[in-house]
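Which chain is which? They are A, B, C, D, E and F, in the order written, and residues in each are numbered from 1.
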């Protein structure tokens, strides 16, 4: 089955991203396809390549990245909502340049796109599961 | 009176930072001293200089910065907990270099420091008010 | 492409958290996709469409007017829990008069807001393909 | 410098949100400041110190053992709401046996956990100079 | 003491816990979504008595934002942010029921 | 349908709202702090009947993390993350009571 996931909360503060990750991993192991993971609200903070958790703790951003969720064109299907991301300071190279900021902080396993990608995930997938606060 | 503030949530997702800002502004206008604002948990995300809210919305990070809360040595007293910040990807230059990251994202009106600064704020201030989820 | 039924479940009030405004942003985008869209307002979500919101005192954007735009996008199924209203001492009269023009009925202006029981919301929910919660 | 009375108010369980572990991190730092420290566990906060937590299944750090270290830092006033325990079907026997050695009483090992009524927590709270909530 | 509550009594248990724990001299300030608890609703009995004693405040900006100015329980005292600051100064230790 | 609830019935109203709204064929999966509602406590009557009908699941990892394995209401079905995936696949549309 094609399953998509929406994540509304950032890493560490709430368990949402942890649970969603365990769910996505289990779904893949079960032979399902994760069509897309859409990071919305504070969920966009899961995409920061700047996170440095303590050594004895899990690295949530890297866990997501290592799942390697991509589409047939090899593009990441860990998708970060652009409006929510800008509001919270998650930038890719193009948004950084556009806004005159010297640097980006998005992890390369993620990509920034519009809210239409969430609707599309709902249309294209057999199931959509939301994880939030 | 000396008043300190603890903020547990990031910008936009929760009203906590907005309310704390309005409170701090009113306290200063009332002639009180804001001894320190300590950003903990997701509160550290208030310190990102990368945030770009929509043009018709408030810029919470800049609002805090414009309050210009500093100590007698001219150092910012908008203090971000280092452990919480690293976990969530808020870095100053020194932490970025130490962790091999090419860039920092902290707004210059804030500084990163340890949890001891929160305890010290509790000791030194006449009042401490917490804003959270 | 088959039309899917999408429900947006709104359970929180507007300014304490960002969920309400960012939910509305999704709904407006969804309008472009020609799907079947319903909004459910239960629990404190009913406060999202209460009449007379004024954010001057809190320095935040008053986006409640944006709900009036939904009708123009043919989003006109806003289900409000009667029980949630009643528990909160509210009635349908306290809500914003959100309307749409019915193209199948000579463009007559009709109300988009339907106050229904939880049992009815349950039935409507059961027919959805996708439920977004914020 | 005068000693101040600090209370840490814990109202949430351990793994659903980060507040519990980051609160404990503050308490451990506070120990170095020689202030008077009390911890209150009410509502779902009582689950923070329940015996037998095992996080193997959720991929998160089990920091519950860290509570055992508090006694070594002379943090030995852990007040647990009797009403909160009872509502949750729990009793003092379900809690971790957290102890300290009393330097004023020949280093006898004593319990750091005191199950008290909300009325008693209220009295203790009234005497605090600072209350941290997470 | 000053106790602040920032969530609706419908969504969370924080107001109930606060009321269960405060002493006779404490006051409550409802802020953010907490002002929903200042309205006449099925939970109003939780605060009606305290309000009659003049011990319940609500942040005016939050009340107006939520469109409930005309629906408040009797004897709730409205304050602005300056009033919030004054309450913090007057009432000693602050406890946030976040 | 599958309804997930991730908060304790003591802290929030989400379980109550879920139960008030679901139809007779829906099942509930308690995850994260939601598993607290799977324990024997003063709120247990909310789910006891649904559990007896075999319609209440709880995520085992979350139950064990919170140390409440021995305190569950009768007939709660424990699942791991794979079981969670299977519930999503079997029960059609998922609703998250976040």
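Note that in this section a residue touches a chain if its C-beta (ideal position, glycine included) is under 8 Å from a C-beta of that chain, and two chains touch if they have at least 3 such contacts.
These numbers were taken from a predicted model, which means no experiment stands behind them.
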{"item": "Co-neighbours of chain D and chain C - touch as defined", "value": "A, B, E, F"}
{"item": "Mutual neighbours - chains that touch chain A and chain F alike", "value": "C, D"}
{"item": "Chain of greatest Cα-centre distance to chain D", "value": "C"}
{"item": "Interface with more contacting C-beta pairs, comparing D-E to B-D", "value": "B-D"}
{"item": "CA centroid of chain B to CA centroid of chain C, Å", "value": "35"}
{"item": "Centre distance in Å when chain A and chain C are each reduced to the mean of their C-alpha atoms", "value": "27"}
{"item": "Chain D residues counted as touching two or more neighbouring chains", "value": "15-18, 43, 58, 60, 129-131, 133-134"}
{"item": "Interface hub residues of chain A, defined as touching at least two other chains", "value": "8, 12-13, 15, 19, 22, 41, 57, 83, 128, 130, 132-133"}
{"item": "Chain F residues counted as touching two or more neighbouring chains", "value": "6, 10-11, 13, 32-33, 61, 80, 93-94, 96, 98"}
{"item": "Touching pairs among all chains present in the structure", "value": "A-B, A-C, A-D, A-F, B-C, B-D, B-E, C-E, C-F, D-E, D-F, E-F"}
{"item": "Touching residues (chain side chain A, partner chain F) in the complex", "value": "1, 3, 8, 15-16, 19, 22-23, 25-27, 29-30, 32, 127-133"}
{"item": "Residues of chain E that touch chain C when the two form their complex", "value": "6-8, 10-11, 32-33, 36, 39-42, 44, 60-62, 64-69, 71, 80"}
{"item": "Chain F - residues contacting chain E, complex", "value": "10-13"}
{"item": "Residues on chain F engaged by chain C in the complex (per definition of touch)", "value": "1, 13-14, 17, 20-23, 26, 93-98"}
{"item": "Chain F-touching residues of chain C, taken from the complex the two chains share", "value": "9, 11, 42-43, 83, 118, 121-123, 125-126, 128-131, 133-134"}
